[in-house]
Amino acid sequence: MGRYVIRRLLQAIPVLLGATILIYCLVFLLPGDPIQALAGEKKADPNITAILREQYHLNDPLYQRYWYYISGVLTGDFGTDFTGRPVAEIMSETFPVTLNLATIAFAVEAVVGIVAGVFAALGRGKFLDNVVLLSTLLLVSVPVFVLGNVLQLVLGVKWAIAPISYDSEDMTTLILPAVVLASASLAYITRLTRTSMMETMRADYVRTATAKGLSRSRVIVRHALRNAMIPIVTFLGVDLGALMGGAIITERIFNIPGIGGTLYQAVYLRQGTTVVSIVTVLVLVYIAANLIVDLLYAVLDPRIRYA
Amino acid sequence: MPENTSATVEESAVPVATAPGSAVKGMKKDKPERVASMWSDARRDLMHNWVFLVSAVLILALLVIAALPGLFTSGDPYAKGFCDLSNSVVPPSGAHWFGFDVQGCDIYTRTIYGTRNSIIVGVLTSVLTTLVGCVLGMVAGLRSGWLDVLVSRFTEIWFAIPTMLGGLLVLAMLGTGNVVTVSLIMAVLGWPQLFRIMRGAVITNKQNDYVMAARALGAGGWRIAMRHILPNALAPVIVVSTINLGVYISAEAAFSYLGIGVQSPNISWGLMISDGQDRFLSAPHMVLFPSLFLSVTVLAFIMLGEAVRDALDPKLR
Amino acid sequence: MTTIDKKTSATSAPLLEVRDLHVEFHTRDGVAKAINGVSYSVDAGETLAVLGESGSGKSVTAQAIMGILDMPPGRIPKGEILFHGEDMLKMSAEERRKIRGRRIAMIFQDALSALNPVLSVGYQLGEMYRVHLGLSRKEAKARAIELMDRVKIPAAAARVNDYPHQFSGGMRQRIMIAMAMALEPDLIIADEPTTALDVTVQAQVMDLLAELQREENMGLILITHDLGVVADVADKIAVMYAGRIVEQSPIHDLYKRPAHPYTRGLLDSIPRLDQKGQELYAIKGLPPNLMKIPTGCAFNPRCPKATDICRTEVPALVSVTEQDGGELPGRGSACHFWKETIHG
């Protein structure tokens, strides 16, 4: 087990490096002059521009700039944006909000999705199963931004049973946005759980468990669900990163001052360092989530652990 | 789906992976002859499956609308004088079924004309990701060794960037998007998924008894790849690509909604929804109709993909 | 009335008696009649071998006895399964659950798929004690080690936390046997327990099963398609075809004088040393489609002796006698021409 952990950790390093290089190139190779963007509509002063370009290494080749950046990141220094504000400070203000949002969304999709999926699988072809199938299909096909807007306006404005805007003091204001953020994944998890559960319920070892005289609930939870969880956990891990990315749209709809809005603004203002840093941290979360999944995988499935 | 595709697949195939994102699972395979009967079983099954029939009819209708929008409406949304500000936010009526938007444009006509962009994005992205993913996946799967390692590691890095996030980043940096740039960017970001499925399917199929048998009978590597492995491995790819078509259409709408996808005066359902959302409570028709078309389109492709998958996977019957 | 006492029940009723059992499966393509009136019984300490090709209904009968048939699509339209004289088909689900594993246990064919891959064998064995006897986790593990010792798994204490995939095929089947033996049941149903194993290991596992059965005086139903496996261990045999018993007999009589053409065909298709060089006999044709069982005797399309009566009339399972009318206890045949078959 220990060797497995170390191997997975080592494998994550090139992925992280590669991903940051990719993002760095993406951001800095695309057209658009950050200094001009800083000045806005009016023409930037050439002298100031020259100083700024020097200060931010904009005249150096890309690989050198990446090196400056990544060695800074490795020592915990994310650099400053073009207004001189430390990027780490910007991120520390907004990341927790997004993390809260994503965490609630994650909990919603995991709990509701797995429970609904299990019940649908057990009552295969019956009423509840059909309700689950139909509603998940709708959730998948209605785009998040439509769902978010409609729910915000109907529940928040018209019926006034949900808060309209985010309040940093009150975490419950994040519940509706989190549900919206989780909706598509929730539908997917439900269907995945249903399929996976239906498959394991037919497995020989489940029949053995029944033949042992175990109660139905024990057969389902201890023997079937334990096995059915393996693909579900995989998806959940991949989805944690996707949730952080998807939060950009949800945050816009519900006006939540999270990482999404900051990223959006930074892109608009060509704040390359800020953009790269935020995306890097998002990717880091994604890779970390995948790593945790791999380890969890080994806990769930001894065949992997001892392979 | 074009006739020739289904004909090549017909020979011998069984799905390996069943869902996007799910790990490619190896299934015990039968000989090609038995598998061929499974494909005809699948086809017979589809003909009796209402999910398949409904989605196929819907997609056919959408394709006709996308190709010939003029058949369905007399108006031309790109013509001068199409919009009349005096009609601003007029609700639906007998003559104008979907009502008018803020600019006083007829929403029905615009929705009909918006179909084409959505379908183009979906099809283009899906075809591109499938082509790239399949070719690379096939090569990596067949020729294990440094090439496989290289491409696989490369996709791992690619995978670390969620498609939505990457697309948002690039499109926002570019500032202006259109149907082609949106498709290209999503294809560039999305192909690793198909690569993984294809590679997994090829590797699984490579170890099949009938491939071993063909090899033992002296069939050449290229012949085995084209006649035995490719048709088998294609099945899961086709399923996922069909489902993805809907996903890409939805993503385009999201980008356009955020103002970084298709730009006005081009028509996109996402853009129309974005324009109408502020007045949703007083004039819901501006959001409702494009949303409806968008949802139904996405739904149709997802349903089609799932119906094909279920028909190919007898375990789930 | 449904609690069956182990001691007092050993009066007159057999340990298990199946009476006129019918099982059918309702599928999209029609109704498959898997079992069409099967009756057999087994006593404590007795071994009944149930022989048949795949699809003959031997496993479905066992699953019906265990109560692990999938219903739907399965259905039991008719029949009784008497355990210590009491019909299990009339019991509540909870009453049946208490019998499963504790009073009647089952051994499955492929131990690798029949054991849960993500739980240690110690857990899976100990679960029997924890669920049925309410033992603690620790006590259950100690009992699991004892069990593994009993089925002769080397270094049981060290291997109790291992997972099924870490054992060899023979060891895994021993674990299956241990699981069935855990609560010393009255009856064990073994469904092709050695089919998935190497020939050398087959004999060891079979010997172990027979030995444990003798020690505990259990009833054993041994389901197999292999006449070679049963000869040494079974007391009596029932041959099934298309969901019916076509012949039943004490074990050694059957080998000497089969009373059904199907049984004769099965015996003739066993390779024998004294017939080396001759072509091996094979029963022609295929087992019937259970959705379209032939009218009359289900075996008639494959039978060398079939005449018109075989195509119209279903032969009943009748007692078989000597040529002079002398009794042959325990023997029966469902063939219109049993006399010709056994004496001819």
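Letters A, B and C mark the chains as written, and numbering starts fresh at 1 in each.
Note that a contact is a pair of C-beta atoms (placed from the backbone, for glycine too) under 8 Å apart; a residue touches a chain by one contact, two chains touch by 3 or more.
Molecules present, by chain and UniProt name: A = ABC transporter permease.
Model, not experiment: these values are computed from the prediction.
The chains in contact with chain B as well as with chain C are A.
C-beta contact counts were set side by side for A-C and A-B; A-B has more.
Chain centres here are Cα means. That of chain A falls 54 Å from that of chain C. Averaged C-alpha coordinates put the centre of chain A at 22 Å from the centre of chain B. Those residues of chain A that touch chain B in the complex are listed here as 14-16, 18-19, 22-23, 26-27, 30-32, 137-138, 140-146, 149-150, 153, 157-158, 188, 192, 195, 198-199, 202, 231, 234-235, 238, 241-242, 244-246, 248-249, 252, 263-264, 267-268, 275, 279, 282-283, 286-287. Within the complex formed with chain A, the residues of chain B that make contact are 18-19, 21-23, 153-154, 156-158, 160-162, 164-166, 168-170, 172-175, 246, 250, 253-254, 257-258, 270, 273-274, 277, 280-281, 287, 291, 294-296, 298-299, 302-303, 315-316. Chain C meets chain A in the complex at residues 66, 68, 97-102, 105-106, 108, 110, 113-120, 127-128, 131-132, 163, 165-166, 179. Residue ranges of chain A in contact with chain C, taken from their complex: 203-205, 207-215, 218, 222-223, 226-227, 300-303, 306.
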